[in-house]
Each structure stands twice: as C-alpha cells, then as structure tokens.
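By written order: A, B, C and D. Residues from 1 in each chain.
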Amino acid sequence: MEHSLKNTELLDYYKARGWCGTVGFGDRPALLVVDLAVAWLKGEKVGSDLTAVVAQVRRLLAAARQASIPIFFSTMAYEPDLSDAGGVIDKKLRHLDVFIKDTPVVELLPELERRPGEIFFIKQRPSCFFGTNLLSQLIGKKVDTLIVTGCSTSGCIRATCESSIDNNFHTIVPMEAVGDRCPSAHEANLFDINARYADVLPTDDVISYLNGIASAKAATA
Amino acid sequence: MEHSLKNTELLDYYKARGWCGTVGFGDRPALLVVDLAVAWLKGEKVGSDLTAVVAQVRRLLAAARQASIPIFFSTMAYEPDLSDAGGVIDKKLRHLDVFIKDTPVVELLPELERRPGEIFFIKQRPSCFFGTNLLSQLIGKKVDTLIVTGCSTSGCIRATCESSIDNNFHTIVPMEAVGDRCPSAHEANLFDINARYADVLPTDDVISYLNGIASAKAATA
Amino acid sequence: MEHSLKNTELLDYYKARGWCGTVGFGDRPALLVVDLAVAWLKGEKVGSDLTAVVAQVRRLLAAARQASIPIFFSTMAYEPDLSDAGGVIDKKLRHLDVFIKDTPVVELLPELERRPGEIFFIKQRPSCFFGTNLLSQLIGKKVDTLIVTGCSTSGCIRATCESSIDNNFHTIVPMEAVGDRCPSAHEANLFDINARYADVLPTDDVISYLNGIASAKAATA
Amino acid sequence: MEHSLKNTELLDYYKARGWCGTVGFGDRPALLVVDLAVAWLKGEKVGSDLTAVVAQVRRLLAAARQASIPIFFSTMAYEPDLSDAGGVIDKKLRHLDVFIKDTPVVELLPELERRPGEIFFIKQRPSCFFGTNLLSQLIGKKVDTLIVTGCSTSGCIRATCESSIDNNFHTIVPMEAVGDRCPSAHEANLFDINARYADVLPTDDVISYLNGIASAKAATA
C-alpha cells in the first residue's frame, strides 16, 4: 500500500484514529527556508534538481517580504576536520564532509536574494531548532506560526516541523515548496508530516494567507 | 518504488550518497522502551496488536537486566483538560485526550515487569528527550549507547532516534522490537531511521552485544 | 562593598557599562509561581519563613485571575531512591532526598488556592524550563511576558529568569514576591537578576500592569 | 554579612542544610575556556584586567594538552544589526552591540594559542550550552567532567556551571582561573557556584588531576 497523501484510504484510516487534525494559521507568521544552499542543489554527492521548489520558495519570499514578516534561511556547515560534529552522527551521515564552513557550497542560492534583516544561520542537525538560537528569535519576534520550506522533505523539513509543533508553533508546509532527491521518501514523509507535525497545504493557500497579513498591516498603517 | 529496507536498489542509492553509515555500539548502553503502555496496545482509538514486539522487548529486558545496564520506560500523559498540551499540538493529534494522567491506559504493560531502579517517566511529545530529563539521566549514568524499542516506528521511535543521534549517542534499533499499527508507515520509517538516525539491526545481534557486556562485567567483578 | 540594589554606586558602575537595561512589559503575560511548596516553607532542612512573600504572591494571583492570564505553579520532586536525579547533581545538593514524589512536602501551599486550568508541574532543576514543557506551553498560549515569583532568589528564581530572557520573554520580577532563606544571597542575586535577566520592580507596579490587562480585556469583551 | 567563600559561618549554614556537597572528578574531562576574547579584556565598555586569570588558564591549557583531553573556547558574537539577538535580551544587555561577528574584539586572545582540533564556537547567551552544539559534542567525545574557566564569574561562568550540572556533568571551577570585573560580584557568585553548581577548587588541584590523567594515558599507551 502506498504511503502517500494520494492514498485516501490510508488518510481515512489515520483520520479515524485522531491523526491529521488541522492546526490552522496563527496571527504572526515567519517564513523559514531550510538548506537551500548550493550543495543540496548542485553538489556532486548530495545534490538534486530542486528548480521547481526554488521557484515556489521565491513566490513565498515575495509574499513574505510584502507582509514584512521575519524571514530565516538555514544552511549546514562544520569545521574542515568535522571536530564539531562530535564523532557519532558523522559516522551515520558520511557526507557531512561536503559541508565545510566558509566554502561556496554552504552558501545560500543567490536566486533567493537575501536582504538586510533576513537572518542566515548555520545548523548542524536536521532540525533547524537543534543547537541554534532559532527558537529564541521566534519568541523575541512574537512569532506564532512557522511556514517551513526548502529541503529535504525526509530529513530537515520533517525534523524542523516536528520541533516546531513540539514547541506549539502553528506549523505550515506549502507542499510544492519542499523537495527531496528521492520521490518515495518525499511522498512517505509528506504523509507523516501532515499526519503528525504540520498542515500540508497548497502553496497558493499560504500565499493568500500572507497577502491577507500584508493587507491587514497596510490597513492599520 | 517501495520505500523499505527490503528495497536494495533504494538502499544502494542512499549508500552511494553517504547515508546509511554504521554508527556501531559504544561501551556503556542503556535500554529505552518507548510507550509500551496499555493505550497503544489495547486502546479503542490508537491501539494495535504489538504482541510480537512486546515479546522481543521482553527478551531485550532480560539481557539488559543480566548486564545491569540502565533501563527506561516512557509513557504519554496529560492533564484531563489537556491544558498542559498547549493548544496547538493537540489540534493536530486529536487523540491526545486518550492519555490522561493517573488513568489505567497510560500505565506500563504489566508483562514488562518493571523492577526497582528502572525508571518510568512521562513524556508529552514524540521524542523521549523533549521536555523530559532523559538526557541528563543518560549523562549522569555515563551512557554512550541508546537501544531504542517500543512504538510507534513512524512517531515516537523515529523522533527519539533522531534526538538520540543529534546528541551523539550511538543509537541502535533492534528491528523486531519496534512496531507500528500501519505497515506502510513502519516500512518507510524503518528505512529512514536506518539511513539517518540509528543502526537498524536484528534483535539477536543486540542481545549478543548485551550478553558480551554482561560477561565482561562478570569477568571483572 | 555591598552587592545589592541598595548600592547606587554599584548600580551606576553596571549601568555605565551597558547592564541593567529595561526590558519592559509585553502584551500577553503569564504568572509563574516557583516552588512555593510545603518543604521550602516548613521543611526541617530547607524551610524558611516566607510568609511575606506568600502574601505578595496571593495579591499577584488575584490580579492575574482577574486578568484571565495563564498561571503556572512549579514544585520539585524525585523518585524515593533519587534514581531520576542522575547521580551527579544529587551529590552537590544533598537535600534532594527531601523532595519525594507524592509526599505532602512537595505539594503546593494550600493558601495559593490553585484553580482548574492553572497548571501545576514538577521540575527537577533550578530553572523551571529545564526538563519540562513550560516553554512549549508558554508558546502555545501566546505568552510574551513572564512574571516570576516564589523562591529561592539565589537558586530557582535566578535560574528561571535567566532561561526566560535567554528565550526572549519579557521577564519581570516583583521584588517583594521573591524570597530566600539567606538575606545576603537574596540581596546579591536580586542585584544580578536586575543587571542581567529581568526587570526587578515593585510588586505594586506589576499589579497595576495586570489591572490594565484586565481592563483592556473587559473593554473589548 | 559578606556573601563569600571566606565567610565560614555562611558556609556552615549552607552545609548544614544540604548545599555545598562534593561532586568530585569523573574519568573523562574536557576543558572549557569561556569568553576569553579581546572585548572582555581590552574593550572600552566591558573590558577589565584579567591578566592573572589568563595566566592560570594558560597553565590549565598546558596540562589539558599534555593529557590530550578535548578543549573548547567560546566567544560571543551577533549580526551587526543584532537581528539575531531577538529584540528582548538586547534591551537588558545594552552592550551586545560590542560583539559583532567577524570583528577583532570577538576573537580569542592570541596568548591562548589555540591549536588544531581545539574547538572555537560562538554563543549568544551567558550559558555556553544555550543555542549551541556544546552538549552534543561533549557526549560524542564521551566527556563526563567539565572544567570551567574564563569570565565572567557572575555571568557566563555561573550560567555555564549551572547548565553543566543540570546535565549531570561533574563540574569543576579552578578558582583562580575565573574572573569578573566586579569584585563583589565575583565573591558572591563564587559562593553560590560552590553551593549549587560546581566544586570550586584550587587551580593546583585541578592541574594535579589533569597530570594524573596524562600519566594514566601514558602508562596504557
């Protein structure tokens, strides 16, 4: 049986048992772009074609900038000798030596056109919350809703969504704005994310929500 | 394409890109039994037949007790009004109202025969590390290896394995000792766990390792 | 030189170097009552006379209930054999064996008159945030301001204030509503808390703020 | 009454109530040097003369290198616009704008002579554990004992010791190897650290311990 959101029988099975509820949008969103760095798109070892995902993220970035909400970009980076990985996780993920600090492959994709005030941070684990100050920044900026985009669905996206709802942020995944090099991993994890960690929605719905935020701010300005 | 450990083509694809490395065993293991509470086995809403899993966990418990290693059991429990869930995660997981503190369904399965000194703790999120003192207890007890068993593969097992390797514990899943009500979720997540978060091994191999620990302790006693 | 808020020379020295700024109140407060459990007031080993502190906390509770804001109470509690302390911290704090789960001394003071919906939780470290779900509950309840009261100024109050501002909550200490068995510890730590972690204010000012919240809610109701 | 380790009456009062226990050394230490960066020594706003502290840290570094144990150095650094501080803590600590990433003042003191494999990391809060990967690195490197040195006693040293023992590391402060610009803050906090969070010992005792580790390693090599 296919483990996918397209499998309505499976979806019904989960819904009947209490999973797949709707969290809904809150009032103060932030946009998080996970690991759209050079290595994940063009790297020899771990890269894959995420052109369509990047295009959707660019649409979301435009709406988020219009709505003047906080925007965060993550990347992954370690010391050249991986001494800061710690000696265990780097045995499971043998490609971490691709992600060396201050090398071009860990830089953001230039087409995301990061602007002043938009935060770019290094993480060293799948979840953007682990070993970073993301959580305290979201609280300081009074965020209640986290829109999670980027890659990979089966790794950093799922892990970040889990941390986000663990912390009781309204967590939203615009489904065309996340991707994975492996189609079966993408499908299976998008199902689980929707069942457990986030509302998985059409990107257009998320953009409508952001446009609503922008309009409301303009009306009260 | 099936997202499963049985899919050797998929496994080769991942290995070639650096995933699925071997973490190996450390020297000071602990055994963690996740959520083998009454509700997950016999609950009307969320229960499923995990008889075979429980049998394997009992074998591991016997070996762990022989080796005198720390043993932890988790359960999930909330206030009757779910006020301590927080108002967001409980909208996604609408079955949390099954897990009320001090009710019989959140108790451990009696057949696990928990003994004095074995720790039973409440968690409120998929990962046994979130909002608990598990991590500090593992450090205080000088543990370097965490053996993760119980349910469900696609929820609390995966989430706990991720936290465990994030923190650089050697993380081990005895494959017959974890289960999930949904077969496709079990398969897909066991693949991802092995790719990213833990060594997924035959239960017999883990028992041999524990027997080795017991023998070494006996030899130096 | 006395390390105290009464020492204006010391205060000026700190202010000139950038400490002791004003965080101010946010819009969505919660009230946290730290460890006003029986043991800390009446326990043979660790108890001290905190009657005046309890009286101030009762005033704050009344204002907080009027303003319908979230209210949290912590206590400290361990297994009878301290197995869940972990083996290190219990060597430094040799009185932890006073705080055993489900014994009368770890219960809340009855004069606090806890009501339904007000959350009572166990912590095992000085900070109310360590190993608990407090943070996720504050986020889920959209709190941006934490009012910290109870005991002891030099231990759990200071530690909790530090965690709170680390996470970017507006952190407020009503100065007559926190206490410590040791006067010199109280004075020295209140100075440091004000310098680094929280706005230390007269309790009356905090009650005025809460009354303002209550009025604003009544006006829009 | 002076809040200081020199006050034996106060010490007796605390000991009689269960504080000030001895944690002792474990078997696998790491040395942590907190914030011995240029700004804290030579900065116009926050600098102070820590020459004697640096000399003691250099002695400890020599012993730690001889014993081949993990060595960590922290510094504090933010974006030029402090956007990553979060908007609340930067109101309390108005000097954070001194600590800008990639400027000379956040660099390590050159006399510490950091070597390859010794880890230099950025933190943004008093505790070296908050928002960093220090904890996971200590676990990955099998550390059970953390020796905490540097500055300032009343801020980052105390906060780091608290996190360390919260996590059940044997926590040790060589007393001449920590310092603070303010003598009364140094005294008061060293008392509290010894009462609650760490064994405060003569630096010579810590060096003897490290020499013992070095000898034991040489004997088994």
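We take it that a contact is a pair of C-beta atoms (placed from the backbone, for glycine too) under 8 Å apart; a residue touches a chain by one contact, two chains touch by 3 or more.
Bear in mind the structure is a predicted one, so any value in this text is a computation, not a measurement.
Chains that count as touching both subunit C and subunit D, per the definition above, are A, B. Taking B-C and A-B together, the pair of chains sharing more C-beta contacts is A-B. As a whole-number value, the distance joining the C-alpha centres of subunit B and subunit C reads 35 Å.
Rounded to whole angstrom units, the spacing between the C-alpha centres of subunit A and subunit B is 26. For subunit A, residues touching at least two other chains, in rising order: 86-89, 125, 130-131, 136-137, 139-140, 166, 168-169. The touch graph of the protein chains shown is complete.
Interface residues of subunit C, counted against subunit A in their complex, comprise 26, 135-137, 139-140, 142, 144, 166-169. Subunit B makes touch with subunit A in their complex at residues 1-3, 10, 13-14, 17-24, 45-46, 86-89, 91-96, 98, 125-127, 130-131, 154-155, 159, 162, 165-166, 168-170, 181-185, 187-189, 192, 196-199.
Chain contact summary for the complex, subunit B toward subunit C: residues 79, 81, 83-89, 116-117, 119, 121, 124-125, 130-133, 136-137, 139-141.
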